[in-house]
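These are the structures in question, set out in turn.
Shared chain: subunit A. Partners: subunit B in the first complex, subunit C in the second.
Here is the complex of A and B:
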C-alpha cells in the first residue's frame, strides 16, 4: 500500500511534464529543428536538399543587392502601410457604428461585414479575378455606369500601377470585418460610468471618444496594428491567385512569394532561407517599434 | 476511475488516441498495393485520351497495372519537386509543361530526377522519327530527359464574318507589314482590335521572338534575349501595343482564357487571336457560339516568303530515376507517344498535332472542322510544323520570362511618354540588356 502511494506521488510529480511532452516533442520536430535547419541552410547555396555548397553570408550579401528582393520588400511595405491606413480606421469606424443600439438588425449587419473573411484568400482571389476584368468585369461595368465609359477599359490586374491598389482594396474588403470584431469586443469593455461622467461634464461625442474610448481600447488597437502589419508582410495567397504570381513588372511580388519562388520553384532552399530570416528580423523590429511607439508595453508593465 | 489517477479528461483523451490510432492502422493496412506504373499528367485532354488508350496496353501486358493520375499543373510541379527532394512517392512517369521543365534540370546533372533517354532514343532511331526542334526544350547538358508530346505550331484564329465585313482577306495578309496596315484600319479604340497582343504580358512577344529565331537561351544555356534579334523584336513589338502609338493594333485583357476570352471573341473585341493547335480546341469548347464563324490563318511572316508560324506551349514525358520498371515505362511511353494509329485518334480528341511526322498522313488529319467552317486544320498545322522554331531549356527560363516581361513594360511606358524619339533605340537596348544581366547575375550565383 505504501509502495503504491509512493509510485502515485512520483507520477503526480511527473504528470505535468508528461502532459507537455507531446507539445514539446512536436515543437522540437516541426518548429525548432526546421528553424535551426533553415538558419544553417541560409549559409549555403543549394539545389534542393541534396546539393549544398557553403557560401557563408553570401546569400545575405546577394540579397542586399537583389533588385527583385528590393521590389518585393517595397511592394510588401507599401501594401502594409496602405492596408493599415485603410483597414484600421474603417474597422474601428464600423465597430463604433455597429455597437450602436439604435441600428436595426445590427447582428445581421455585423455578419454581413464579417462574412467576406469566411471565404479565404484563394476564393476571394478567384472571385475578384473575374470581377476586376477590364471591359467585361462587373466592377468596371458598374464604374462605367456611374463615372463614365472610360472606366470600362480600366485594367486593374494587368496595368502595373493598378496592381497594388487592387490588392489593398480586395484585402480591405476581406479583412475589415475580422478586425472589427476585436474592436467590438474592446468597445464593450469600455467603462460606461466614465462615459456617462464625461457626458455629465458636457463632453461631446468626439471628446468622449478621444478622452475615454480611445485610451480604453488602446491595447486592442496596438494588438490589431501589430497583427495587421505582420499579416500584411505575410501576404501570399491573394496575389498568387489574383495575379497568377508577381503580376506585371512584379508589382504584386511580395516577400513570401519571393521566398516561395526561390525555395519551392527554383529549389534554392539556401537563398529562400536567407529571405525568410531577413523577413523574420524585419518583422520583429517592426513589431517592437509599433509596441514601443504605442506605449502599450510600458503600460502593461 | 480509481485505477487511472489523472481524472476522466486525460483518460478520455488517451482512449480517443488509442481508438483513432487503431482506426488509422486499419485504414493503412487496407491501402491498395502500388501499381506497376504510376503516371502523372496535368492536362485533362491528355488524361482522358490516355484513359481511352490504357486498356489496350494492359491487354498487351498481362499482370501490369497503371495508376493514371490527373494532377493540377502547379500542384504537379510542386509535388514532383518535393518528391524528388525527399525521395518519397516519386511517380514512375510524369508529364511536365514546357516552361516548368527547365527548373527540373537544375543542380548537378547526376542529381536530375529524370532518366537520360538519349541512348534509348538513338539506339531505336526514334530521334529521327520525331520533329528535331521539339527535343530542344527537354535537352540539358547534352542529354535528353523528356519525350516530346507535341509540336504546337501557331496560327491565328480569326473572325471570318468581321474580316469579311472589313474587306480583309486572310490570304493576302501574308506579312506583318500588311497585317499591321489592316490592323490600323480595323482598330476601334476600346471596342475592336485586330489581334490579342499584350503590353504587359509576354505570350505574344515571345511568339514573335521565336518566329525571328530569337529566344531566351541558346543551346549552351547562355542568355540571348538581349541580342540583336531580341532588341529588334522589342523595338518592332512595342509600337504595336503601346496605347499612344499610331501603329497600335493589339490590346489584351487580364486573361487569355475562360469567360473573358469567350466574351472578347463573341463580341468582336478581338478579331483574331494567336492559336496553337491546343488552343483551337479551347475555342471550340469555350466559344461555341462562334461555330462556323471562325477560321485559321498562318501567322504573317516577317519578310515575304518567311516563316509563317511560331510555337506556344508544350509537354514532355519523363521517366523518373526512381521508376523500378524502366523498360516497361519506356514501352508505355512509346505506346502513348509513338503509336501512329493511336496518335491519330488522340489528335481527333485533342486537336494536338503529335511530333511524329509519319503519323500526319493519316486520314484523321484531313478532317474538316465545322467550327472552322470546314477548314482542314490538321493539315494546315501539319504543313507549318516543320517550320516550328526551337526553344532551348534552362533552369532559369521562368526568370528570363519575368525579366523580358519587365523590359516590355518599361519600353511601353517609355514609348507612351516619348514615342520613337532620339533616345528610343538606346533605351530599348539598355533596358533589355540590364534585365538580361539580372538573369546572368542569378545564374552566376548558382555554383552547380
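Here is the complex of A and C:
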C-alpha cells in the first residue's frame, strides 16, 4: 500500500513534464531550431543544403534593392488592405443579418455561406481558373447576362490590372463565411438586456450597434483583423494555381511566392531565410499596430 | 416597414448563399458533362457521363488515385499524432504548475506572429541532414509540434472544473487516466474542430509538401492537381473532376463534424 501511494505521488509530480514532452521535443527540433537557425542562415549565401558562404547583411541589402521584391511587397500589401476592407464589413454584415432573432434556418444559411472555405486555395485556384476565363467562363457569362454583353470579353487573369482584383474577390468568396462564424459567435454573447435598454431609450439601430454591440465584439474584431492580415500577407497557393505563378507583368507575385522562386527553387536557403525574416518583422509591426489601435478604439468607445 | 426590412434581409442572405454555392455547384455539374459540352451549358449536365472520372482513374502521370490515398494517409495520421501531442500538452498547460511553464506559454505567443515561411529554408536543410526528405515520417513528425493546437486545447481545458479531477484522484485515477477518461470526453467539441482544421491544413497544403515529397509516387493531391493543370490544361472536364475528388472528402468530414466544429472553433476565440 505504501509503495503504491509513493508511486501515486510521483506520477502526479511527473505527469505534466511527461505530458508536454512529446510536444516540446518535436517543437524544439522541427520548429524552434529552424527558427533560430534561419536567423544566422539569413546571413549566408547558400546553394543547396550543404554549401554556405557568409555574406553578412548582403542578403538583406540585395533584397532591399531588388525590384521584384518591392513589387511583391506592393502587391501583397495592396491585396491585404483590399481583402480586409472587403471581408471585414461583409462578414460582420452577414453575421448581423443572421443574428436577428426571427431568422429561420440559421444553420442552413451559415452552412451555405461557409461552404467555399472547405475547398482550400489549391482547389479554388483551379476552379476559378476555369470560371474566370474570357468568353466561356461562368463568371463572365453571368456578368454579361446581368450587366450587358461587353462583359463577356472581360479578361481577368491575363490583363495586368485585373489580376489583383480577381485574387481579392476569389479570396473573399472563400473566406467571408469563415470570418462570419467568429462574428456570429461573438454576437450571441452580446448582452441582450443592454440592447433592450438602449431600445427603451429610443436609440436607433445604428446607435445601438455603435454603443452596445461594437464595444462588446471589439476583442473578436481585433482577433479577426489580425488573423486576416497575417493570413493575407502569406498568400501563395491561390495565385500559384490560379495564375500559374506571378501572372501577367508579375501583378500576382506575392512575398511568399518571391521567397519560393528566389530562395527555395534556386537552392539559396539563406536568401529564403532573409526574405522570411523581413516578412516576419513586417507582420509583427502591423499586428502590433492593429492591436494598439483596437486597444485605443476600445478606450474611446 | 418592418416587413420590408425582413424581406430585404432574406434577399441579401439569398444572394450571399447563391454566390457561395453556385461556383461549387458548377464544379460538380461540370464534372458530369461530356468533353464536347463543357462550355455549351452551365450549372447542368443534360447528358451526364462519368467519362471525366474515368480519364482521371486511368491517368498514369500524375497518378491521381495514388495521390488521393497518399493524402488520406498523411492527413489522417497527422491528425491523430497532432491530436495526441497537442491535447496532452494543452492539458498540462491548463491544469498543472511546473517548471518551464511560463517559457512555454511565451514561446506559444511568439510563434503565432512569426510566419512559418521563415523556417522553410533551414527546415528543409534539417530534413535533408536527418535523411527525412521525401519520407512520410519527415512530413508527419515535422508538423507534430502544432502551437495553435495547444492554444485551442488549453483554452478548452481551462474551463473544466478542478473538482472533477480531484474526485477522480481520490478514486485512485492516475493522471493519464484523468486525461483519457475525464478531460478528453469533456473537450470533444474542441477535438472535432481541431481534427477538421488539422485535416484541412494537411489536405490542402502545397508549398511544404512540394519541397519535401520529390518522388511522384509520394505526391499528395494538391501537388498532383497542380501538375494535372499544368499538363492537361485543355482537358477541362478531367481538371474539374480532379478538383471535385479533392474537395469531396473535406465536405463529407465537415458534415460529420459540423456541430462540434462551429462550437469548438469559436469557444476558444470568443472566451479567450
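Throughout what follows, the second predicted complex is superposed on the first by the 283 of 301 C-alpha atoms of A that agree within 3 Å, B and C clash if a C-alpha of one lies under 4 Å from a C-alpha of the other, contacts with A are read in each partner's own complex, and residues count from 1 in each chain.
To be clear about the criterion, a residue touches a chain if its C-beta (ideal position, glycine included) is under 8 Å from a C-beta of that chain, and two chains touch if they have at least 3 such contacts.
Being a predicted model, the structure only gives us computed values, none of them experimental.
Look at subunit A after the overlay: subunit B and subunit C clash there.
In the overlay built on the shared chain, the residue A:277 is in contact with subunit C alone; subunit B does not reach it. In the overlay built on the shared chain, the residue A:15 is in contact with subunit B and with subunit C.
Of the two partner chains, neither subunit B nor subunit C is touched by A:202. Of the two partner chains placed by the overlay, subunit B and subunit C both lie in contact with A:264. By the touch criterion defined above, A:148 lies against neither subunit B nor subunit C after alignment on the C-alpha atoms of chain A. Contacts of A:130 after superposition on the shared chain: both subunit B and subunit C are touched.
If you count the residues of subunit A touched by subunit B and by subunit C, you find the higher number for C.
By the touch criterion defined above, A:56 lies against neither subunit B nor subunit C after alignment on the C-alpha atoms of chain A.
Residue contacts after overlaying the shared chain place A:116 against subunit C, while subunit B stays out of touching range. Of all the stretches 8-16, 206-214, 224-232 or 278-286 given for subunit B, the clashing one with respect to subunit C is 8-16. In the superposition on chain A, subunit A positions 8, 11-12, 15, 19, 49, 129-130, 136, 264 are in contact with subunit B in one complex as well as with subunit C in the other.
Per the touch definition, subunit A reaches subunit B in the complex via residues 8, 11-12, 15, 19, 45, 47-51, 53, 55, 58, 62, 67-68, 129-130, 132-136, 149, 152-153, 155-160, 246, 248-250, 264-268, 271. Across the complex, subunit B meets subunit A through its residues 5-6, 10, 77-78, 81-82, 84-86, 103, 106-108, 111, 190, 198, 200-201, 252-255, 259-260, 263-264, 269, 395, 398-399, 402, 405-406, 409-410, 438, 445-448. The touching residues of subunit A, counted against subunit C in their complex, run 8, 11-12, 15-17, 19-20, 22-24, 26-35, 37-38, 41, 46, 49, 94, 97-98, 100, 102-103, 109-116, 118-123, 126-131, 136, 138, 141, 173, 176-177, 181-182, 184-186, 189, 220, 223, 230, 233-234, 236-237, 240-241, 244, 256, 259-260, 263-264, 269-270, 272-273, 275-277, 279-280, 283-284, 287. Touching subunit A in their complex are the following residues of subunit C: 6, 9, 12-13, 16-17, 19-24, 26-27, 30, 39, 42-43, 84-86, 88-89, 91-93, 96-98, 101, 104, 107, 111, 113-126, 128-129, 141-145, 147, 150, 169, 172, 174-176, 179, 200, 203-207, 211, 222, 225-226, 229-230, 236, 239-240, 242-243, 246-247, 250-251, 254, 258, 262, 265-267, 269-270.
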